[in-house]
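These notes are about the structure you will find just below.
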Amino acid sequence: MSWFESSIMARRGVAAGKVTSEHSMTEADQGKYHYVYGPYAEPVLRVAPGAVVSVETHDAFEGKIRSETDSPTALLNFPFLNPQNGPIYVEGAGKGDCLAVSIRSIVPRGPQPVGTTLIMPEFGGLVATGDTALLNPPLPERVRKLHVTAEHGTVWNDRITLPYRPFIGTIGTSPEIEAISSLHPDYYGGNMDVPDIAPNSVIYLPVQVAGALLYLGDCHATQGDGELCGVALEHPTVTTVQIDLIKDWTIRWPRLENAEFYMAIGSSRPMEDAARIAYRELVRWMAADFGYDEIDAYMLLTQCGRVRLGNMVDPKYSLGASISKAILHA
Amino acid sequence: MSWFESSIMARRGVAAGKVTSEHSMTEADQGKYHYVYGPYAEPVLRVAPGAVVSVETHDAFEGKIRSETDSPTALLNFPFLNPQNGPIYVEGAGKGDCLAVSIRSIVPRGPQPVGTTLIMPEFGGLVATGDTALLNPPLPERVRKLHVTAEHGTVWNDRITLPYRPFIGTIGTSPEIEAISSLHPDYYGGNMDVPDIAPNSVIYLPVQVAGALLYLGDCHATQGDGELCGVALEHPTVTTVQIDLIKDWTIRWPRLENAEFYMAIGSSRPMEDAARIAYRELVRWMAADFGYDEIDAYMLLTQCGRVRLGNMVDPKYSLGASISKAILHA
Amino acid sequence: MSWFESSIMARRGVAAGKVTSEHSMTEADQGKYHYVYGPYAEPVLRVAPGAVVSVETHDAFEGKIRSETDSPTALLNFPFLNPQNGPIYVEGAGKGDCLAVSIRSIVPRGPQPVGTTLIMPEFGGLVATGDTALLNPPLPERVRKLHVTAEHGTVWNDRITLPYRPFIGTIGTSPEIEAISSLHPDYYGGNMDVPDIAPNSVIYLPVQVAGALLYLGDCHATQGDGELCGVALEHPTVTTVQIDLIKDWTIRWPRLENAEFYMAIGSSRPMEDAARIAYRELVRWMAADFGYDEIDAYMLLTQCGRVRLGNMVDPKYSLGASISKAILHA
Amino acid sequence: MSWFESSIMARRGVAAGKVTSEHSMTEADQGKYHYVYGPYAEPVLRVAPGAVVSVETHDAFEGKIRSETDSPTALLNFPFLNPQNGPIYVEGAGKGDCLAVSIRSIVPRGPQPVGTTLIMPEFGGLVATGDTALLNPPLPERVRKLHVTAEHGTVWNDRITLPYRPFIGTIGTSPEIEAISSLHPDYYGGNMDVPDIAPNSVIYLPVQVAGALLYLGDCHATQGDGELCGVALEHPTVTTVQIDLIKDWTIRWPRLENAEFYMAIGSSRPMEDAARIAYRELVRWMAADFGYDEIDAYMLLTQCGRVRLGNMVDPKYSLGASISKAILHA
């Protein structure tokens, strides 16, 4: 039995982790992409639990950065950044439920060089920004356009090739009445940039509105912890996800499961608050579903918890705290 | 000549700081109050620059906390908190302009005890919260209902009466495509809780959408720096503001002017980032409009800048940095 | 009766706020200045409670910056910055006691221009630093040398003269076993840069070692909230303080009293932690000495607490939270 | 050739990574343990580069917590916590040099149960502390005493056994004139709690004083990322290190090398500042020693940098940023 067959999604999902229908969402199907996570957009697709959907995602710049001589400042127009597919309305989903999204595959699409990374003013982990508002002069802009294939990875230069380690940078459900920029991560998901949100994992998202309204986009070909300069290896993809619904599982923050571990993801500033959220959610999860008292969970995680820094560049920083299944199921 | 006649609003406003029309916005006119700052709500009023509007604001709990034995947890329903009046559409306002709002008066309304403050779980400056997510047990809930009049102030107990020092806790314009909870402060204003946003001051707000879409609410009868427990002396009011429009004055963050000083207001976390934003905006203002180079402004503010902490309890903290007019106009 | 006669120092001090002896501490008496607060230096003076001491303080650069063409980077040699007078051994002081220091006067000394402010790389509130470690290029260095007199204040330029508002930037007792750079503020005092530590106030400091070991220095002719560029108007002075001892008054952080208010001072990072410390200490003070329960104090400070930002530039930020005596003694 | 033979220590060390002498430092040799990192203590051992030293370390509580019914509050006496061995004077070391310490082995010592973890008030990552100073009630104290052996690891309970993954929690050199509590981490090392400071790694430490004055202690049998409750699996050990000296290699923060990667370690608050320090040091290292320009290094680390959170509980948080040798040496 694969780990997926014993996953929470398979055990508790309305569709029991089974595929009940298949859909595709091309650029043409999507039409206008979205730049906020919110309840004010019309669904582009309605599916039942058990649906598999193949989505044509754009890169975070919507393809506007075409060459290494392009100027990000000239071509990019805040807040119209990080275009998202969706929303997908999931039948039967209501406030207090949990949406389970199994990531099945991510494949680059479009002509080479398909990958983009860049430096632009007031954005990034080692520069002054709009929040860490300083008087220092900015770094110069710089753009890299890179060949990326699933087979060979990313050709960084003639010495270095980075393996293809794709994941979904931005995914989440709609807030109840807010519409939040797709540049933000928060309790509903969004721009978390946690590299574990990758093929062969399931992400669990809290549902705040009828139909859940799933958005996703911003796939990365690879990324270091923290997404240091603010721009990972952005690339357009076909991303295939399987959607299920867990009724009455009310979670406050996104959670993730793969073959190895359970993870809770927190997003906040300063970074220690993101870490506190992630670890507290994990403590509460262990208490609610795995028979721990909170203090026991707290003390055990002190010895074996793991932290993955997603980003240290967004309006909130994101970070996952996890515990190995081998320990939790011992 | 009063300071107002030489204010930026009077000198640069489309209506030159003059009153051109008068309006009232009662509870009935308002109908449904709003809980987000965004472009998705229909305007309840359209005015030209020069309009004076008297607004019936609710308290931050929409009047649901009626007695000291009420339970906030039982009665309050996030995210339906901090109800806002508006939006008011200001004719001629467009992206890149600045909305000037002169606060003329704030008067308590409704039956006594009209003031409310309270402690509720996971909210406040000296407790664990949803962001500073800890395992400590919460404080007990506590509600105070207090007599507040403009003449005599707030009767705290038989020894202490606090003077009536009313201000607008939450005021701002609509973001361009986002709709943000009225519990948040940010670049467009919102829940800043800066006590200087008071009668006899002008607040300047950046315009992101046609008509500006002004919202306001959440008036406080008095408040300490930081709004420590998260709930100032909340009370329903009639708040009267005069609206003007400054074309092509593009500001990134709210600014404020009164008889004594010019202030820039920043909102962020951690708190030093709010301070950096506020001071950097003030530096840039001095450079753009008062003939300083940035380094001179930076060095002068080191000797005479003033900081007012608005709140240390919201999802972002707010803080104003100011310089005295006596120095700047010397 | 002046406020001082009813101060905590006068009411609870071993010397009852009376002067029992007078001392001076010239540069020659001092000999070597100190750059750490710690127990490893020999006292330069031993006094009984009730002593008045006139101290010749250096400026924060020990006089090394003599002209506006001097280069701070070339002349200053970390960690040999912010020279301190002392330590002064106070007879009878022991761990758990409180040292009370009444500031009687601060007078500039030495040839004009006696005041110095400057910008140097990696230091200041609006630049990247050693902690907020970024890749942006630094600002250029700049030095200002300024005429400062007690009578006429600081001549900033031909339009602006800033009034003389002197205070002690750095003052504190020795930690028990640590020796901490005089650039730091912490629980024992140190480089707090709170402008209320001024003539006509009393600062209360926790005692950790026998004799308390009082250090002081770094007097500022004036300073804005936050000491924005990191360097206030530094100047050498004769600073006169009166020392008393309160036995068995164990405080965790510095406290201050003047005619108007009681203040607790916290130092930490991020800035919200400094604010939390200051306000929690004030809550506890109100509970211990003024008959409040902690929740009452918390709710009252929400309505009338005041915050003074000391610095936002040191290794820890410092901030005072205060309550007016008029309210507390109502 | 093992990785060690091509390590920076072996290539650049005065002793070329060779063993030139062997020493032991028993509890009796050590005598008094130390609670500060500073230059005011007499060396207990003087060695030349190339020395191997076997050190009897105490646990962080100096063995005072003997049973699960002991009260940490009653038995522990701040600041006399986290006892350190040393200082070891390394001949030839001077300011601006780098001390290289290869960790050869860590073995538990003393009677079972040799491991201790516990919860005490105002300490830990998910509770209010002295800095994150809140009014919430504390968690109850709890002590766990656990069997730990190198062969079988830590018996957590009858289901869970955690593998023995020992490392040095606290190690560093002396500051130049400061003496800092061994509870702190900073630029000189100290209480970093980074689990990679383990056998089969080399840590590089900046030298500030003649002889470097190496301290170490606080070994952990295992630890999760962040050391969540503040107390890992503390245990007394025999820890064996090999010391070398790299002349004129001036580094600002600790660095680490093992078979897999190069890491820079930063310590600060808020946590993003620790991350900024660590990544900026790694950028600068890549620029100085591996032929990158800073912007290239910044962009490459965005794609493949790794972050290890040491602790989120000390007065400063510690975090390592690393890059794989496979990429850097490609």
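Chains here go by letter, A, B, C and D, matching the order in which they are written, and residues are numbered from 1 within each.
The rule is simple: a residue touches a chain if its C-beta (ideal position, glycine included) is under 8 Å from a C-beta of that chain, and two chains touch if they have at least 3 such contacts.
A quick note: this is a predicted structure, and the numbers were derived from the prediction, not measured.
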- Message: When contacts are scored as defined above, which chain pair ends up with more C-beta pairs, B-C or A-C?
- Response: B-C
- Task: Select the interface copy of A-D from among C-D, B-C or A-B: the correct pair shares over half of its contact pairs, counted by residue number.
- Result: B-C
- How far is the middle of chain C from the middle of chain D, if each middle is the mean of its Cα atoms, in Å? 34
- Message: Can you compute the centre-to-centre distance for chain A and chain C, using the mean CA position of each chain? Integer Å is fine.
- Response: 48
- Note on the structure: Distance in whole angstrom between the CA centres of chain B and chain C is 34
- Message: Two-or-more-chain contact residues of chain C, please, as numbers and ranges.
- Response: 126, 132-135, 139, 269-270, 276, 280, 283, 295, 298
- Message: Looking at the complex, which residues from chain A come into contact with chain C?
- Response: 126-128, 132-139, 270
- Per the touch rule above, chain A residues touching chain B in the complex are 35-36, 38, 40, 79, 130-135, 175-181, 252, 266, 268-270, 273, 276-277, 280-281, 283, 294-295, 298
- Along chain B, where are the residues that touch chain C in the complex? 117, 119, 124-126, 139-140, 142, 144, 154, 156, 159-160, 162, 222-233, 269-272, 275-276, 279-280, 283, 295, 298-307, 309, 312, 317, 321, 327, 330
